[in-house]
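Next come two complexes built around chain A: one with chain B, the other with chain C.
On to the complex of A and B.
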């Protein structure tokens, strides 16, 4: 065998290995997420509840996100209403259905999908940083030394709190988006409040679909961020990386979940 | 009491390579060695916090290799551990930190928990510190709270990861006296990592030295002091010239 062919033979498996490494890591990552989700759901019914832990997490996740989310969604509602009105005026100088279509869109999708993104930055980053810093300072190992399962002790209360309070915050922030849109519609385009607040196009199915998305997105944010936190390594730099990965992973999951839930909604809850 | 058998652990590269070690009951084993020699990894493996690639750890004759997490949790009930950077729960008070193992491991009445917490804090010279929060404490105080938490469940095996790191000589000696006193009372097995070789040799019954993931010495404290092995000699006596 010549030197050149030996090099080719030697570099083959490592090149393939390098190519497959991200795929393999991605598959392991997703498998890890589902394992953590399964374990969390099991421990919700079987785990040992720490007194007050759930309420504390509900306060941290809900209360502390509310103002940020309301302001963010307020601006988003105002921007979308303004742009929708400008665009629709080019086609038809009639804005009587501006509020009705915006509210339907918001209830069915946008309150959940647009709201979940900033929520991921606030809640997801918080969960990943908190659990990640506990990992790198050996606090998670100290929990295990005391027979406290880190998933039961750290993940379960955050998962429940994020799902319940995240959904509640998204509903409230969605309402703020409607109100800010109404103010813009009235102030800029002279659409009166009564005309704007038109819920006639919103069906129970739309509400169900919107709330399903909110619950799914909030649960995804919690579980992905917790998993990123638990897999932290390498000191404070590792915590930073885990936080970034939590936000990126949560945002990606929101988009993918939205695609599939919207697809199911198209068939089962027609618009 | 603790037997480590052919233990190998690797992360991206090998950290421990075929380590065999024995820590008898009622003794203090000092685990020494240069930085990044695998001491903390060995201690965590003994506690069942890390899964080895090869080999096994036996705690009181019980193999950790075939235990799942609930099984390991059972074994860990007999082990108290002080972590290198204290690992105090920063969202709990000092009293709640010390009480944590009692609340999780045993079903004790609250009065007994409080009594044992007060007794432990008094023992580590921190009486009345129950309501303080960890971040308001000095490094030495945090170490002592960590020792109180590690010993509150009266576990027969205690693992200390560098209990005197970063402490002044007086505080270090106080901590050594505390560890020795506790071990004499409990007749327990202590495995202690220390970078303060001179200090730890004053209380250790046996010494094990790791270098690049391998056990290079195991013997009594006197044997460690008089060893002619160039690695051991240089490290124990802190010599500049040598193979390290």
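On to the complex of A and C.
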């Protein structure tokens, strides 16, 4: 080895390489997520799946999260109604449109975006921890040895279950948020139940936009958490790290997706 | 047989209430033990600095990204209402009020919970199942002073700082979005935001985020230290910690909204 090449090796990665390393890691990460999404969708379109596993996942992801989601969204509805009532009283004392505006915002955005964050915490952490502990205890390798595709066997049922049940749970939790907002508006600000439950500002486009967001967020939670779980390494500590990365990744994906879908909605779904 | 089936539901409700009481009581005890070590302060300084760096400094990128998108989304959501009532001079006030007071602290806390809280529960849980905490006790090192206190202090201090940073970044995000989407001049934006926002609006949001930080810290330390059952137990307690802290954040948000009114 010559003197020159030795110094080159010793100097390690170049300054540009060090600067670009996080960027290329991020690009690789996103590419991996889309590969897993493509693979999952291909397997779903081929249409062979286990009914039992799907129903079990739907129960775990949907029914088991329902109480938690109703509690959090109930509080969210109360908080937002309280804050917006206090604020609009600063400008004009008329609270008759409080319910109508809140319900529109909830349908168009908050039921999906604010609801998906706790859902990501609960469902995402669960999926990543479960698949992650299967990886570190070599159960996924055992699946491969039995010629069972881990994506088909583990990811597909979770993806379908999370997309269907997650959306359903978000819709129910959104309804709970409207109810709790109604109770607060009535109890604290003397707004009539009838006046509050005013759906006149909600258009079909708003509902479509809201449901699109819910489906997109739930699918993102499932894919990101499954990918974090499958890429677990390093024993029990690795499972903790995978859970962390699943929750952070899904929460961040929700915020970024919300930015893009809301932006598109602003131009294509007039209110 | 039918009697036991009849009692199955109340028994399950009772069991979950008892475990809830167990967890809330455990967290309260942990918090009181930690508070006792505040006067005189018995905190491991090296651990404190390490945690401040790990939990705070390394969370800066994700918090900044979250805040920028949050600020932008607030303006996008307000846009239809703004155009309908032609209320461009209120955009700055509306977007920054919601961000400072409610959504900013809430989203940053949820992000912090996912990143720092989960990691903390996993770390403490691993230490428990590999008997490192018993090892500390055997060396007469107080686990609360050495492990819990630095983490609680670091989380409360750092989430407070990160929220200040996040507020600023979210404001920039809303100004840029308002300019591009609604043609609201940045000067108009600030002219409506600054006079109508009192210092209390910003301070109330920061107090809230400190409360969330304490919530995340106590919850994740409790669930980490209460880990049982080897390696799979660590996964379970991370999961339980993240979910419990998220619930706690929403409940604390609700209560503090009324108290800080």
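By definition in this document, the second predicted complex is superposed on the first by the 253 of 271 C-alpha atoms of A that agree within 3 Å, B and C clash if a C-alpha of one lies under 4 Å from a C-alpha of the other, contacts with A are read in each partner's own complex, and residues count from 1 in each chain.
Definition applied: contacts are C-beta pairs under 8 Å (C-beta built on N, C-alpha and C of every residue); 3 or more make two chains touch, one makes a residue touch a chain.
This is a predicted model, so every value here is computed, not measured.
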Side-by-side fit of chain B and chain C on chain A, or clash: fit
Which of chain B and chain C A:244 touches, first, second, both or neither: second
Contacts of A:142 with chain B and chain C, given as first, second, both or neither: first
First, second, both or neither for A:152, with chain B first and chain C second: neither
First (chain B), second (chain C), both or neither touched by A:262: second
Which superposed partner A:125 touches (first chain B, second chain C, both, neither): second
Cα-centre angle that chain B and chain C span when viewed from chain A, reported as a multiple of 10 degrees: 100
Superposed model, chain A: greater residue contact from chain B or chain C: C
Nearest Cα pair across chain B and chain C, whole Å: 11
Where chain A meets both chain C and chain B, residue numbers: 137
Chain B residues touching chain A - in the complex, by the definition given at the top: 44, 47, 49, 69, 72-73, 76-77, 79-81, 83-85, 87-90, 100-101, 104-105, 149
Complex contact set, residues of chain A against chain C: 68, 71-72, 75-76, 78-80, 82-83, 86-87, 91, 101, 105, 108-109, 113-114, 117-118, 120-122, 125-126, 129-130, 132-133, 136-137, 235-237, 239-241, 243-244, 247-248, 251-252, 255-256, 258-259, 262-263, 266, 270-271
Chain A partner contacts - residues on chain C that touch it in the complex: 62, 65-66, 69-70, 72-73, 76-77, 79-81, 84, 90, 94, 97-98, 101-102, 106-107, 110-111, 113-115, 118-119, 121-123, 125-126, 129, 181, 230-232, 234-236, 238-239, 242-243, 246-247, 250-251, 253-254, 257-258, 261
Touching residues on chain A, where the partner in the complex is chain B: 137-139, 141-142, 144-149
